[in-house]
Amino acid sequence: MVPVLLDLITTAAILYIVSSGLLLVFGVMKLINFAHGGLMTLGGYAAVMATAMGLSPWIGIPLAAIFGGIVGLSMERVVVRSLYNRPLDAILATWGLSIIIGQIITLVFDRGVHFAEPPIRGVISILGEPYSTYRLILIAFALLLGVGLTLALRGTSLGLSTRAVIMNEDLARGLGINSGLVRSVTFTLGSGLAAVAGALITPLSSVDPNMGIAWLISAFMLVLVSGSSLYSLAVASIVLGGAQVVVSNYFGSVLGGMTIAALAAVILRIRPQGFSYE
Amino acid sequence: MTEVVLAVNGLSSGYGQATVIRNLDLKIARGEIVTVVGKNGMGKSTLLKSIMGYLPKFSGSVSMAQHAITDSHPHQIARLGVAYVPQEKALFQDLTVEENIRLALRGSASWNEAKAAIGRCFPFLLQRLQQKAGTLSGGEQKMLLMARSLSVGAKMLLIDEITEGMQPSIISNLVKIIKTERDRSDLGVLLVEQNIPFTRAVSDRYVLLDKGEISGSGNTRDPDTHEKIAAHICL
Amino acid sequence: MKMSMQKISVLLAVTALWAGSAVAEDKPIVLGFPLGLSGANSITAPAVVQAMELAVSEINDAGGVLSRKLVIELADSASSAAGAQKAYDSLVYQKEVDAIISSEPSAARNAGLPIITRGKIPYIYTSFYEGRSCNKYQHIDGWVPQQVVSLMVDYFMKDQGAKTFFLVGNDYAFGRGLLGDTNKYVTEKGGTILGEEYNPIDASDWTAIVSKIRQANPDVIITSTAAGAPNVTFTKQLRAAGLTAKYGSYALDEGTAKTLGPDAEGIYLGGSYYTSINSEKNAGFLKALNDKFGTETKTPNELSVPQYDAIHLYALAAAKAGTTDTDAVVKALSEVTFDGPRGLVQMSKQRHAPLTMYLAQVNAQGDTTIIKSHPNVDPGEQCPNL
Amino acid sequence: MSEANVKEVASTSLPRPHFGPLTRMVIVASIVLIGVGVAPLFMDAYSVNVLVRSMIYATIALTVDILWGYLGVLTFGQSAFFAAGAYATALVFTYGGFSAEYAFAALLIGIAVAVALAGLVAFLAFWHGASALYASVITLVLPIIVTQLLFSGGTYTGSSSGLTGFETIPLSSEAWFWAVGVWLVLLTAAAWMYTRSDAGRLLIAIRENEQRCKYLGLNTSNIKAAIFLICAAIGAIAGWMYANYTMVVAPEIAGFTFGTELLIWVALGGRGTLFGPVIGTIIIDYASAQLQGDFPFVWKLVIGIVFVSVIVALPRGILPLVSNAADWFRDRIGIAQPQQHSQLQLRQASRSGRNIIGVESRGPALVVSGVEKRFGSLEVLSGIDFEATYGEIVSLVGPNGAGKTTLMTCIADGSKRSGGTISIGGHDIAHRTPEECVRLGVGRKFQMANVFDSLTVGECLQIARARLDPLSKWQKSGVCSLPPSAMRVVRATGLHSDLNLPAQVLSHGKKQALELAMVLALEPKVILLDEPTAGLTKAERTLIGTILTELAKTEQLCILLVEHDLEFVREISSRVIVLHQGRIVLNGSVDEVVNSELVKSVYAGSGH
């Protein structure tokens, strides 16, 4: 029971880390960033570069944040900005951007798998069960991310402005908040988070030009059932991630792989607002 | 009269294809309180939204303290010192009282000055800074709205039907506060109203709006004010 | 728009036909290579290209085949069925190649086979695969499950005294086929299968499977995960969980093992080619590659060496048949033998090849060490009707 | 206009001899068909083979265009239906062997499976209230699950390797080229005729303003589902052809990647143009066969960059750019294209009466009792009780936020109120959807003029009439029958001379009038008008007022009116209901209300 429980919590933590950037963008801008997977890949390669340069694997994480942020900012400026009123087109355009990111990575590196040194190896014993230390650290990261983002949104004036734009953009503009700037910053931050997530999962994932795509659909579904709340996302990660672990354990991984997408579709059919309160 | 703070020249605007405001001229001087009176659907709110940059201006120009704001965005206009109080959805219900006010503070305006202004006008709010705005009563929410607009160091207030659903006693208090703050910092105030007693008590001038055009105006001290306005807005 | 495009094609076609007939006598023999230049197989493609270039230049330097030169015609199959259809069409109908040699995923091969059949062209498939692909124009010099299973399982059971096994694969034809055979063989030999688990081919999360392995606590884990990412994600997640059972993989290649760093150490690999094979032919092959490509040399692998062998086999077959005529070449391909880096290769068993099979282990440096080899391992019943 | 069937030619342009669109289409299609017939004789085998596949893909791209470009449903899932057709064929041939009967059976099975899958998707994605994003999500999940099922089929479905080695219809490549080419041309022509037809305009109406369609009594969910099912069937047919022609199936044809590739082709060709996606698919697929080998990675990068640029800068794709350039060129050399005026004729509809379910002409038209509406803890309406009879004009007045529009919504959509009952002509509306309420005889006009901006005035009227006069599915009928009431509004406001103008260029007043005419075209018994005179000039108001008064009298309509213009209210109302803070504070004659101190205080704001 203990390992299944730990699997459940760590899976939820990984899903939370992977989805939070997408949620931030969806919450503020009401559009789905399909380049999220591509940005995660970028983060994975940041970790590869950190290894290649002989830096500590931990350096890969801020490096990923910088890469993702820069790429995200340019994407917002050049492409996403003109699609605020065309949310379905925004999905397609960001998907196109994801293709572009993947191909550029392929051209710069190659199509193959690359090596990134994991920050930590080994297992520690939890209630007599040996368990992957890194997966446990990811729980801490997820908590840190959740608390950090919540504090950033609640404690800083930019965060306050961001929340205001989420709640009522027109009113926020009338109070002197430059909502365009808030969107830019949000997209940059969301992209940075995507890349950080990519760097964080490298110890558990292969680093190749498609690494992020595998996570995209799960992240996308989680965000849709979470609306725009970080809290709902935590609930959704635990419920859907948990369902995936349970289904994989008792009905096989093949069904487990479909769990998040299928369950989310059904949840949204029954309750269009998903796990959020509104 | 002294320096003009808000000048509207030949403004036409509206929604999409529909022209609601037609060729409208209006000037507000510093320290002047002007009320636009009209029935629902005559374009009062549209006028404020157009000035604030929410709606496209089809023709004409608007300037605020000598800055042309005809093509400016709402946030730029707000930063020039215009505090706008919309009629509906004017508060962030899920944010606290303090957050609602802080959101409007820009650059020079400090939280301490804002608190001082709140203490002067609506001292009860200081005890409730951490309360969610949505949990305030309807009347209290209106006062929070006023508090927000008065605490940001604005030069010009645009207020859309603040008295809607307000108790008469609160209304008379509001009149006092608006006038005091006007005297204190030489504010220009543009109100949109249907409440005749409030209009008479608070403003220096009134303008009658009819189907997007100004159909009359006057000084609120004129003895026939009530009749003129009543004839305009009642059945 | 459509019309004008067609006109251009018409012109091109006419020109090609005319040019073709004029120089028929001494034209070179064109070998078509549909190859995953993009998509999943693009990882191994550069090594494959080098191996084929080496083979062709060796043959041409020795005077060619039937005193005609060999020429390489490459086409990208994008490692997919749709891409393969385009590539095979282009090679068969546009480039009019004399034979096709390829090392693609099974879906791409299957997509190409109907075109081979229509075009009536000798075809050599050079990848290890799940077995039982039969077509009258096809020969195969890669290994099939029967050839590797006994080698791997016998080693663990006899040499290492292992009793319990856990099988892990991706849910795809090769994964299922290989593990199914393994399961059967282990049971026959008196071992116990504690679990046989499959993950979707595009899955990146192995949490539940790793958990089950931990609970089952087997002596040996044998995997048949898909090449590239799945091999890596599984190994990383298995190692992160601190599981120390013996780990044998049918699908991990030397190159990917290197990108796993210390996680790959100790993994047993089964197959027909490793660079560490200690033979004169292999040493000669590696040297020739190095001489030809220098610092650009890509590590040869389980796809590139069979490709090298296949080109030589084709050359021998055409020489034996005395013609490039399809039926004669296909017949000769079952008869010729080539002694290459992998040892003797003859596609004589129902179009499949008995091969020398090797068991290797990854060492701390990420290189492989050969532990065991079985010569002349029979592919068994593959195409009894051919 | 007292006689029925009086024709009225709306367009003023002179009838001059030129080919009608239908004739031109037949000519173009014939030329292309001849091209298809001749092409394989001149092309090399390679081009024939590649183009057969490209043309099969083009038929699915066409369905993607109908769904996305016309209906506004962004679908990632057409690949799944393609796979259904292809796998049905491969499985039947693999396990049953080939025969003509089996080939036909495989086609039927493929279509059946695809339609069943599409039915499931439609059930999930197109229910009343589902968002466009949700529909896309479902179409995204579909290929993922179908692919997984194919993998899980193991040796039965061939898993990752797919199925091959089965015998199929023994046709040469050339024969396939002809068969697929003819099918593609016919399908494109049919799609072109359908999208140009009256019924095809409805797709655009749904894309633009689904809500308005529902309030015109059209069950948009069913319409969307029907189109989706047909497109799934066409996808399955394409899959059947693919499996027969290529003699192989692989799971990738079901996948999300192929689904997105279809979207890319459609986007580049030009969504909503039919020809663009068809030509785009053929060119891009053909070109990628050539270029992908030479520049494997750069080619995909280029496609990605072009795709993003097109989405951002040319949402209508590249084809419109080409045709605009052609128009410009024609203008330059002076060959002016004759302006296509569909010459819509208005006819007076004979009274149908069949639309309203058993109206009790005696008794009240509308009974509202105890109606409440709450948003969370906020009470917007409470204890609303009133009745209105046929021939009566009742005005709802009250300050902003009094709940007037909310009350209208509750009457027109049975699912909106939180409590109480409403009945129309003696029928309880229960929890009926807006389109069902229309069947009970409710017509609703919205506050902001709510018409279909990119359709013409005539098309807007036809769609308003669609519930009673089914739209032609293959041509522009050129006729729109209107009941006398709607006809009167159209003629009085001069809309009859604007029938061929896009609705978006109308003045605000004419838009309001058009919407009113659209509502009247439903032959309602109770009409709800939300500020019909907002933004109108004095003259327009008077006109509308007169029309409404007459309609109430002659047609015995019950009209419920929300109005701020109290002068207007006084002129036309038979009764006035004053709403304040969600309650009825007064319900009486015009005079009673006008002279009420209560009302004055409500309006003048001097207390409650």
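A few points about this structure:
Going by the order they are written in, the chains are A, B, C and D; count residues from 1 in each one.
Everything that follows uses one rule, which is that a contact is a pair of C-beta atoms (placed from the backbone, for glycine too) under 8 Å apart; a residue touches a chain by one contact, two chains touch by 3 or more.
Quantities reported herein were computed from a predicted structural model and do not represent experimental measurements.
With steps allowed only between chains in touch, the distance from chain A over to chain C comes to 1.
Listing every chain that touches chain B and chain D alike gives A. When the interfaces A-D and C-D are ranked by C-beta pairs in contact, the top one is C-D. Each chain gets a centre from the mean of its Cα atoms; the one farthest from the centre of chain B is C.
Centre-to-centre, using mean CA coordinates, chain A is 36 Å away from chain D. Here the spacing of chain C and chain D, counted between their Cα centres, is 52 Å. Centre-to-centre, using mean CA coordinates, chain B is 77 Å away from chain C. With centres defined as mean CA coordinates, chain B is found 43 Å away from chain A.
Across the assembly, chain A contributes 111, 254, 257 as residues in contact with two or more other chains.
Those residues of chain B in touch with two or more other chains do not exist in this structure. The residues of chain C that reach two or more other chains are 38, 42, 171, 200, listed in rising order. Chain pairs that touch, as defined above: A-B, A-C, A-D, B-D, C-D. The touching residues of chain D, when paired with chain B in their complex, are 399-401, 448-449, 504, 506-508, 511, 531, 534-535, 538, 564-567, 570, 581, 593-594, 599-600, 603-607. By the touch criterion stated above, chain C contacts chain A in their complex at residues 38-40, 42-43, 171, 197-200, 202-209, 211-212, 214-215, 228-233, 236-237, 239-242, 255-256, 258-262.
The touching residues of chain D, when paired with chain A in their complex, are 74, 124, 127, 129-134, 136-138, 140-141, 144-145, 148, 151-152, 256, 260, 263-264, 267, 297-298, 300-301, 303-305, 307-308, 311-312, 315. Residue ranges on chain C touching chain D, taken from their complex, read 1-3, 5-7, 9-10, 12-13, 16-17, 37-38, 42, 74-76, 78, 80-83, 85-87, 89-90, 92-94, 105-107, 109-111, 113-115, 118, 130, 134-135, 171-174, 176, 200-201. Those residues of chain B whose C-beta lies close enough to touch chain D in the complex are 14-15, 17-20, 39-41, 87-88, 161, 163-165, 168, 193-198, 211, 230, 233-235.
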